[in-house]
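Every chain is named by a letter (A, B, C, D, E and F) in the order it is written, and numbering of its residues begins at 1.
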Amino acid sequence: MKLSARNQFEGTVTRITNGQAMAEVTVKVGTLEFAAAITEGSVKSMGLKVNDSVTVAIKATDVMVGK
Amino acid sequence: MKLSARNQFEGTVTRITNGQAMAEVTVKVGTLEFAAAITEGSVKSMGLKVNDSVTVAIKATDVMVGK
Amino acid sequence: MKLSARNQFEGTVTRITNGQAMAEVTVKVGTLEFAAAITEGSVKSMGLKVNDSVTVAIKATDVMVGK
Amino acid sequence: MKLSARNQFEGTVTRITNGQAMAEVTVKVGTLEFAAAITEGSVKSMGLKVNDSVTVAIKATDVMVGK
Amino acid sequence: MKLSARNQFEGTVTRITNGQAMAEVTVKVGTLEFAAAITEGSVKSMGLKVNDSVTVAIKATDVMVGK
Amino acid sequence: MKLSARNQFEGTVTRITNGQAMAEVTVKVGTLEFAAAITEGSVKSMGLKVNDSVTVAIKATDVMVGK
């Protein structure tokens, strides 16, 4: 599936911090580390675990620029 | 200023596509290229231009994971 | 690709309104009609056109509830 | 109140999963099921409970398209 | 309608900058001025114009904190 | 750092409600009170606490208008 989110990078899950409704997933993309806050339900339904190869996807409207 | 957005990466503006209300700004971070859709007003008030050193900032809740 | 966005529905593109930086895409899912504002760049790179079968994807944190 | 969020659908709350800061609310709209991650504070201040008639509201910029 | 968006403030529209797909609406709330980027379709369907009394609504997950 | 988020207001932290993955931070700006849902990780890495002087930042695309 091609997704309209303009930013899509391939990486590896390095950490999953579980909460009650939300979890925080860390994904390493090259030398960068992304933090994703997704629902616990997503973690379970995707069977997401450390070392999984994943794609990080971010909409262009969700990217800010600081200068 | 330290910002609560968990994802902050330093890069360089490589392209600005102007629209009427919204602009699309491309930022190169190492080998990755980020697309940011920000308002024309922000481009002007920040005086944003190609080759500027900038920080890309993204909230953890705006990062999706695909597997 | 399984995506962490909790809301994913299959539908058909019924209208694309082009802008300069952003476009508005209408997707019919059963009797519901979704409006998506995505970048012109996405419309082009996906080759998106009317009658395409698509998936609408929305993060749970982007869904509000009114009562 | 008319809201600028382009996507507004009427449905019924079918499940509320409480967390500490965030809750996940499931809303059935016809045959579709929406997952909303909202703050615990909103659940309480709205007195949200299963079987409530609610409106699901989503901004067009928060809708992605996959093909 | 009570909305799950935690931040809701009453104000007055002071400016509307029209684009092709997106418009920028400025709303004055006391001494603060909010900029909202909404679709042209919303501006039209709401009949939004300068001096309208409106409510600004923002989800808690969309508010960042800088220090 | 100048940030592309169009809405930036200075205020004071009045309350922090900790969760497991997400926290809710209340910031007073003049007579308005903003609720921000940010990750626990951000609260810790910023050393955020009650009475801190902070800036609230919100992207224009995350502001809705109700009428």
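Miscellaneous remarks
Here is the rule we use: a residue touches a chain if its C-beta (ideal position, glycine included) is under 8 Å from a C-beta of that chain, and two chains touch if they have at least 3 such contacts.
Here the structure is a predicted model, which means the values were calculated and not measured.
Looking at the partners of chain C and chain F together, the chains they share are A, B, D, E.
Where chain A touches chain F, under half of the residue numbers in use are shared by the two copies, so each contributes mostly different positions. Distance between Cα centroids is largest for the pairing of chain B with D.
Remark: chain A and chain D have CA centroids separated by 22 Å (rounded to whole angstrom). Mean C-alpha position of chain A lies 29 Å from that of chain E.
Rounded to whole angstrom units, the spacing between the C-alpha centres of chain A and chain C is 20.
Along chain F, residues 1-6, 19-22, 24, 35-39, 41-42, 46, 48, 55, 57, 59-62, 64-67 each make contact with two or more other chains.
For chain F in complex with chain B, the residues that touch the partner chain are 1-6, 36-39, 41-43, 45-46, 48, 55, 57, 59-61.
Residue ranges on chain E touching chain F, taken from their complex, read 3, 5-9, 13, 24-25, 27, 29-32, 34-38, 42, 46-48, 52-67.
On the chain C side of its complex with chain B, the touching residues are 1-5, 19-22, 39-41, 57, 59, 61. On chain D, the positions that touch chain A within their shared complex are 17-24, 35, 37, 61-62, 64-67.
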